[in-house]
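The structure follows.
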Amino acid sequence: MDAVEYLDLLLKALLLAGVYAAMAVGMTVIYGVMKIVNLAHAGFLMLGAYFALEMFQRFHIDPILGAVMALPVFFLFGMLVHWILVRWLPKSDTPTLASLLLMFGFLLVLQNVGYLLWGTEDQSILTPLTLSSVQIGEISIAKVKLVVFVAAVVCMIVLQIVLHRSWFGRSMRALIQNPYAAKIVGVDDQRTARLTFGLGTAFAGFAGALLGMLYSFSPDFGRPFLLRSFVIIVLGGLESVSGVALGAIVLAVLETFSTAIPLPWYWHKWSFYYLPPSYQPVVPFALLVLVLVIMPKGLAGLFNRKWKAA
Amino acid sequence: MAALKDVSFDIPENQICGFIGPNGAGKTTLFSLITGAVRPSAGQVHFRGKDVTGMSSAALVKRGVARTHQVVRPFKAMSVLENVQVAVHYGRHAVTRTAVAREHAMEALKLVGLDRKANVLASAISLGEQKRLEVARALATAPELLLLDEICGGLTGSETGAMMELLHRIREGGTTIMYVEHDMKAIMAVCDRITVLNFGQKLAEGKPEEVQNDASVIEAYLGKSTFRDKKRG
Amino acid sequence: MKRPLGAAGWIKVILPWILLAGLLLLPATHPSDNLIRLLFITAVWTTTSLGWNLLGGMAGQVSFGFAVFFGLGAYTTALLMHAGHSPYFGFVGGAAIAMLASFLIGLPTFRLRGPYFVIATIGVTEAVRVIMNNLDVTGGASGYRITEDKPFSPLEHYYTAIAAVALAFVVSMVIAGSKFGLALRAIKQDEDAAADLGVNPFTSKLWIHAIAAGLTGIAGGIYARRAAFFYPGDVFAFQTGISILLMPVIGGIGTVWGAVLGGVVFGMVEEELVVHFPNLHLLIYGSLLIVIILLEPDGLLGLLRRLFRLFRRKREDSGSPDADQILWGRGGVEGRKF
């Protein structure tokens, strides 16, 4: 492989990281504020993709616009889910299995709804953007990837502003950093939790729509992305939005380069092999286990970790 | 910052050794270092001449070192008897037969006066009883060295008295005790030797009366709270 | 300290024997092939349910990854049979390989606690499926076919499955009443406190994981031998792992009878209901899970107990604290406030 090809891969990895970050950030805010491992995230991603598809097919709305429209719609949907299901969970400072299984049950329901509405076959959103590409020197990039990347980054920036400038963002960050102190100074945790769940769901729907423009999807669409989201938020230290960006880049680069980097292998003598492309899906899963075991406090935790075995 | 620095001491066999010191002096940290919950960055722990530094708490129990926690942690979904039974099964003697283990567990419960609550769920007994259950569990592992962390916190006066009596009986049974407590009266009454810690360093060591009269101890520890302690004792 | 058995106690002692006798004598009544098939599949699922419950229910380590052991059992049995060995040797081999895999998976993942362990098991099971899809020895994604010289005998399969579920039941009962079972319950409630009493949580979890994996591997082998054709997307599927987890949770997590009940209900539902409503099974399981988590953590068994109590009007503490401990963490019963 020559330098141009590596540059090409790096560029693709960075573009991928953008949408990965948008995908994982919804899960992070929910975990941060409520300590809920939101397995239903996969379902929200799937619904987001179908939302953009329906908008596109029925009303001829551009999928990018569809993705933006998903934000308010899924925000309300998330608040509704919180009101019906999530608020009955008892508060906990540590994630409970009950919350995990509850969200998993909801994921199964969402998936089934997906199958009932849209059947089992793969669908994809095809727009003029999908097939055209931009040529930069020897590198060609699909336009849709660029557009998706820009949309994701813009949305992340807006989120950062909301988190740091608004009343809601401040109370959210307060709850993440110190729930007790936050409640003492008068943060309404129930209301903030409801808004946070809405926000997390909104981002999931938005990211799902973006992913739907890049990949074909079925009602079972969310699961591999769910696990990728886990890898990202664990890499990012579970609770910080900026950590998510870092985690997304790390995962996207590792995944993209996994089949392009020769791996040393010893069998009677040293030699180099490439990971067969069919094994590429293993990378995020293996990384998930590795990251959880080796650096449970994320990349940042590596620098000041207190190691305690078992 | 080091929670403990240059602290060195020996625990003579078959004695009750008390550890006192103001909040944050490093008493609980000391226990955690000994029982392997925290690995020391420097220094060693020897037990009966063998280096046991950093050994897991389970392995230490097998060698005869057991501890209680300041904050009690009973298995709430088990009966009081079952709580102690776990300790008998997996303690130093590793009793296998259930019937034998139950007998041993009942003995430990009798010692702390909980035998009448044996079949009650551990979540349904009072805090004082949970503290005694914590001691019974540690005792049931048949330890040679028993580390007790604030077993009298939150107990009434008569309960404390009963606990002190219990400590004497445990020692008569041949067990060495390391004892951390805030209640000065209790610790002065029961200990053979006392070590005073302050800001992670050893301040004084000796018999209770010696320590009580040590000028540096009075200044560092009792000095600031003389009034309160006088009122209490 | 033996207390006399009450009516409920006697039922618990006698019921397994009655059930076993009934199941063994059933073929004498010339039942339909469909009923035998239904009972076969239910027995296979119940075996996995009992296996999962050892780790998830007794030791409180909820795993999404039992499809790995089910699939390994299936493939090991198939490969051993292909090499000319008896299928029963194949089941033993499947159990052995599944146990070996359980150690490899457990060594890193049991350093994690609670939901982090759960997530790690999801990662493991997905990774294993991708690998199995690509291995030559498994025939890859296209599947594997078992050919037997003997004519197909539904009753032999049936009795094998009954034997497996009986084995799983006996193993569960023995462990539940043993010192090891007590240690597992202690670990479920408070790992650190258990370690302070001399229990080694890490090795205990490794062993119970291995036993659970072995039982699941046997079930996988028995399933594969009757199915005669299977592929990684089937036996290693994420959905298989979910099913194995759902059964004890639905039936009543942490109790042997709950696992049995869950397995039986799941087997019946899967084979009967799904045939009539093929598009609704996820919806059914999903809503059942939601209802169980929010309203009755003890599952169907808890519901039965509640009904039983209604008739007897007896005051008792509500529900078993075990399910609460697993689902809601250390707080136990008082942790739940509605």
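The letters A, B and C name the chains in turn, as written, and every chain counts its residues from 1.
Everything below uses one rule, namely that a residue touches a chain if its C-beta (ideal position, glycine included) is under 8 Å from a C-beta of that chain, and two chains touch if they have at least 3 such contacts.
Computed from a predicted structure; not experimentally measured.
Chain centres were defined as the mean of their Cα atoms; on that basis the chain farthest from chain B turns out to be A. Of all chain pairs, the one joined by the greatest number of contacting C-beta pairs is A-C. Taking each chain's centre as the mean of its C-alpha atoms, chain A lies 32 Å from chain C.
Separating the CA-averaged centres of chain B and chain C is a span of 42 Å.
Rounded to whole angstrom units, the spacing between the C-alpha centres of chain A and chain B is 48.
Shared interface positions of chain C, i.e. residues touching 2 or more other chains, are given as 201. In chain A, the residues touching two or more other chains are 310. Counting only residues that touch two or more partner chains, chain B has 56. Chain contact summary for the complex, chain C toward chain A: residues 62, 108-112, 114-116, 118-120, 122-124, 126-127, 130-131, 133-134, 201-202, 238, 242, 249, 279-283, 285-290, 293-294, 297, 326-329, 331, 335-338. Within the complex, the chain C residues that touch chain B are 1, 177-179, 182-183, 185-186, 189-190, 192-201, 317, 320-322, 324-325, 332-334. Partner chain C is touched in their complex by these residues of chain B: 35, 37, 56-59, 61-62, 66-67, 69, 73-78, 82, 85-87, 89-92, 94, 96, 98-99, 101-102, 121, 123-124, 137-138, 140-141.
Every residue of chain A that touches chain C in the complex is listed here, in rising order: 37, 85, 88, 90, 92, 94-98, 100-102, 104-113, 115-116, 223-224, 227, 230, 276, 278-279, 281-282, 285-286, 288-289, 292-293, 296, 309-310.
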